[in-house]
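The same chain A turns up in both complexes below, where it pairs with chain B and then with chain C.
Up next is the complex of A and B:
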């Protein structure tokens, strides 16, 4: 059997899969199963610096099917830009073959949702007090903030956002985001 | 319907009608009307009765600045009739009425006004007996309290909440606000423009120059970087320009780099006998009625023109076909408007019972049905004051003036003094017949304020508290200036020295829905949440987590007892995924744990599991768990479910303080854990397909092994909470399903049974294991728990060590003890007091009936001198009866620890 994540059919929040939407104005998708890999602690910076284009803290670089997130000086992770995530696995394998630094276990501890569409920002304003204006939160920025009443990591993706948060709270977060989407429809 | 023809009535849509009722009578209005304008158009001016004397009252300003427009709309009380848009089918009722609005039985109170002087509440309701307030007065006052009724069947109102950011927030959508917004937008700023009206324009919108509004609004609409919020009130300006923007069904929290306040001015009423009668209107009120709603205020008007604005309004009234009987001017200028009579002087009184029928000026009576008052205005000081503005007074204009030096906040338009014209201070002598109201909300007359000063309350804040001036819904908008003038005159000080009372948020009423936090209940699910449901678990919240309380349905006691017996006699499995799990790694990992926990970890061999006890700097036990040494530089550490966020935060704090080379990661949500426990536990784990040797020799008690089980990577630990042979398998949460399925399959031949939290609670209590937080409190030391063995005597430092040594010298009078009860004895509840010679010395922390032992067992804090095995202690049960418990050793079940060592 393979990994099961909260919004998988048999997952802990599998009963709430209908909260995800694929509308023209706003879409909410679950990317939790998408490959990612991170190291945290002594040696993380050096290990990644040899292999990827390492950004400054709280910034993202993107290229070759990877997004590299610098969450702290020694807290770095890569996200796949698609469901297959072919560039992620070689990195993981290389680390497993000769471990340096320590796994941050983000693929287990964080869920990953993507909120996109022309109304994504209006929806997100209902979920975070963070300044989402483009001038304050650019395409390469990371916001480690509160989102949907949880600690979350927020990134820009196209006309929307990716958010990484406590995986055990997926049911609650997906419910709250959907409620904000519904409120945007009612209140505009 | 007395509507004026277009272009009057710019806000109403005459092509459609809305039907509504007021006091049971049917009326019609138009979309765009407010409740009050629609009623005025139908000749219904009286909206409510006053708070104290039940005098007839109506709208005066049509701007939401007076309190007497509050009405009941369906289940919702205190709806401002002069601001609230009319809706089809509204059922509206007057408030504070005994009988009907037209015939209010309590109107008689007004005749006894002389017996109800200012402050009479404080004297009257204290007597005649000691408890008179509670027994006599409060019930009567509650029955009389008249500000509407909250309907128990009121529908839920969804309130939308969001947080916005902007470079510039402009509050007030009049000409000054619009100009500021446009200028900021042209300079490249991102602007939010807020106005409390349904459309922009401010006072321009209700003047003959209203046509200019269209151009301004078009310019605003064309500016890409201006977001407009109409029907929205800024109810508070907080630190760093954090603004609360409220609409009935929406609350926006806006953070702006710069704020421009352009909320304009508040017209002031004039002070004369019966200045509160319906038909007395402010100049702005008349203009709003005519220009916005197309309603003629009456047929024959007198205009009081202490402010030159009165002359312009008189012209507008005449143009609208309203006869102007006279203009009353305290200081007439050279030329009277052609065809109008100007009378020098002040209004002495208005005549009429439920509506104005005339006025008295210098002993002359002039018949009219409308009295228009232009008596000056004050800047809307509330938001500037919240921003730190100082208030002064300008004798020339008769206005308050604002001085604001707070960076990032500016004043514009009327707030900055633009357009101020000289308005002389009116005479403030009390009228012999009274009813010269200063505060319409609280029915306070001139003599009430003067009497408050005479009583010795010469400071404004004291006058307010004694008289209640400014405490009503209009919050001093119409009373502050007059009160300041009265107190200044009575105390020989200047108006500026008196000033106004503190202006706190909210500046306008907010719905409770806007204030209430949304119903967010944290919910965390373990990876196997739905598997537990499939197995028939009754789920219960434990903090934020949902956990199986028991499995199955039916007799709960029997189900729980069966789960306990399964563990004692066979084997059970508990989902312990909520247990806090942390990985502490780095070259200094063991040094870090040595400083954080009470036991020694530097000497802990790889593959060993060691108990962890965490103290705070007071020496109080705050958490416990185990540390499994995975490698020289890596520990897998557990923490209690409820405390792990705090433990992780503390670790991060100490790591920053100590600057050791350590990293901590909180794995709690990312790792699942299953405790397989019972005499047949090894049969289950040995049957699992994997590379870990679970034999007693290869895997002794308090060791850990990592490897693959059923194709899933696991950390396995021989630890236990139940007192039975136990193996705890932890794995990444995404693989929990595979591992769980493999465990259930491997356990089937030996009858493996999942068990829930209640059985776990009983099992651990039988074994005498404590739960931090349940069996400890904010002062519990390791000694009180009998945990001296878990505190290193050799380590030079750990958090809490110093405090522990000091507390040891002080000694403790209590100890946590295990108590047993006779099989048929009544059991005390948790928190029941332990008494010694009648005095409380401790309390019960955990209690249960032990299915294994057949009698009651408990952990309790008792007096330290009683903590010897065999001693009996007295506990007061919930029934009030005393019960006796007998002290036993550290465990009720298997005190020799033979079973867990199997």
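Up next is the complex of A and C:
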């Protein structure tokens, strides 16, 4: 058997690739295979504090090819800003050389989708009860809430959003997002 | 829709939360009488009053304490378990 990760070269959406969208108004991409890293539990905060710019809880900091997500006081996740993810590897190597806390980058359990475009907010509004207006959900905020009927982590990316959620529900979430895009095109 | 205020995530729909039961601190099993231990194992508080309860915000997997009136459902305070007296 080869390496377990990535589960599929196509990402979490797998055979649903043809359901991903690349339109001018809204685009849906699957970033699940992009590199990431994360730790949770006692010591996670101290481990990261020496290496990255650590944000407040439910906030994101971005820089040097990394986005640092603070999902809890002791639950920190790092996402690459591109498919290569070279800044992620040194973090992972440093941790593997001297592991502490618990690995929590969830590459096998969380799918990662990106919804972008001028109509991304209108589409996302159909999929969550969370207040997505700029005053309530700022540039660097994280919303851990329900999205497409799943528990998810929502953050802003340009004119759209990244969402992390249970990888086993990918087909359903992609279908729901597609349905919301279709409704927005018909009724928007 | 009922709202509950999570100390970490703010006010959210009640459907984002899971009820984990009343806060019950276990007596010392070495020192407790049989009656006290049996009461802890098999009894449940049921006073029509505010009680401390554990709740979990499921998207962030965050557990906190809510003081909720079990008759009216009114929640007067939510806080991190670290602040529990």
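The working rule: the second predicted complex is superposed on the first by the 174 of 188 C-alpha atoms of A that agree within 3 Å, B and C clash if a C-alpha of one lies under 4 Å from a C-alpha of the other, contacts with A are read in each partner's own complex, and residues count from 1 in each chain.
In this text, a contact is a pair of C-beta atoms (placed from the backbone, for glycine too) under 8 Å apart; a residue touches a chain by one contact, two chains touch by 3 or more.
Here the structure is a predicted model, which is why all the values come from computation and not from measurement.
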item: Chain B versus chain C as contact partner of A:129, first or second or both or neither; value: both
item: Comparison of chain B and chain C by chain A residues contacted; value: B
item: Which superposed partner A:172 touches (first chain B, second chain C, both, neither); value: first
item: First, second, both or neither for A:15, with chain B first and chain C second; value: first
item: Touching partner for A:109 - first (chain B), second (chain C), both, neither; value: first
item: Partner chain in contact with A:146 - chain B first, chain C second, else both or neither; value: second
item: First (chain B), second (chain C), both or neither touched by A:58; value: second
item: Footprint overlap on chain A, comparing chain B with chain C; value: 129-130
item: Of all residues in chain B, those that touch chain A in their complex; value: 158, 160-165, 190, 249-250, 253, 255, 520, 522-530, 544-545, 583, 585-587, 634, 661-663, 665-671, 732-738, 741
item: Chain A contact footprint on chain C (complex, rising order); value: 1, 8-9, 12-13, 15-16, 57-62
item: Residue ranges of chain A touching chain B (in the complex, touch as defined); value: 1, 3-6, 10-15, 40-42, 74, 102, 104-105, 107-110, 122, 125-126, 128-133, 135-136, 149, 166-172, 176, 183, 186-187
item: Complex contact set, residues of chain A against chain C; value: 57-58, 71-72, 129-130, 143-146, 151-153
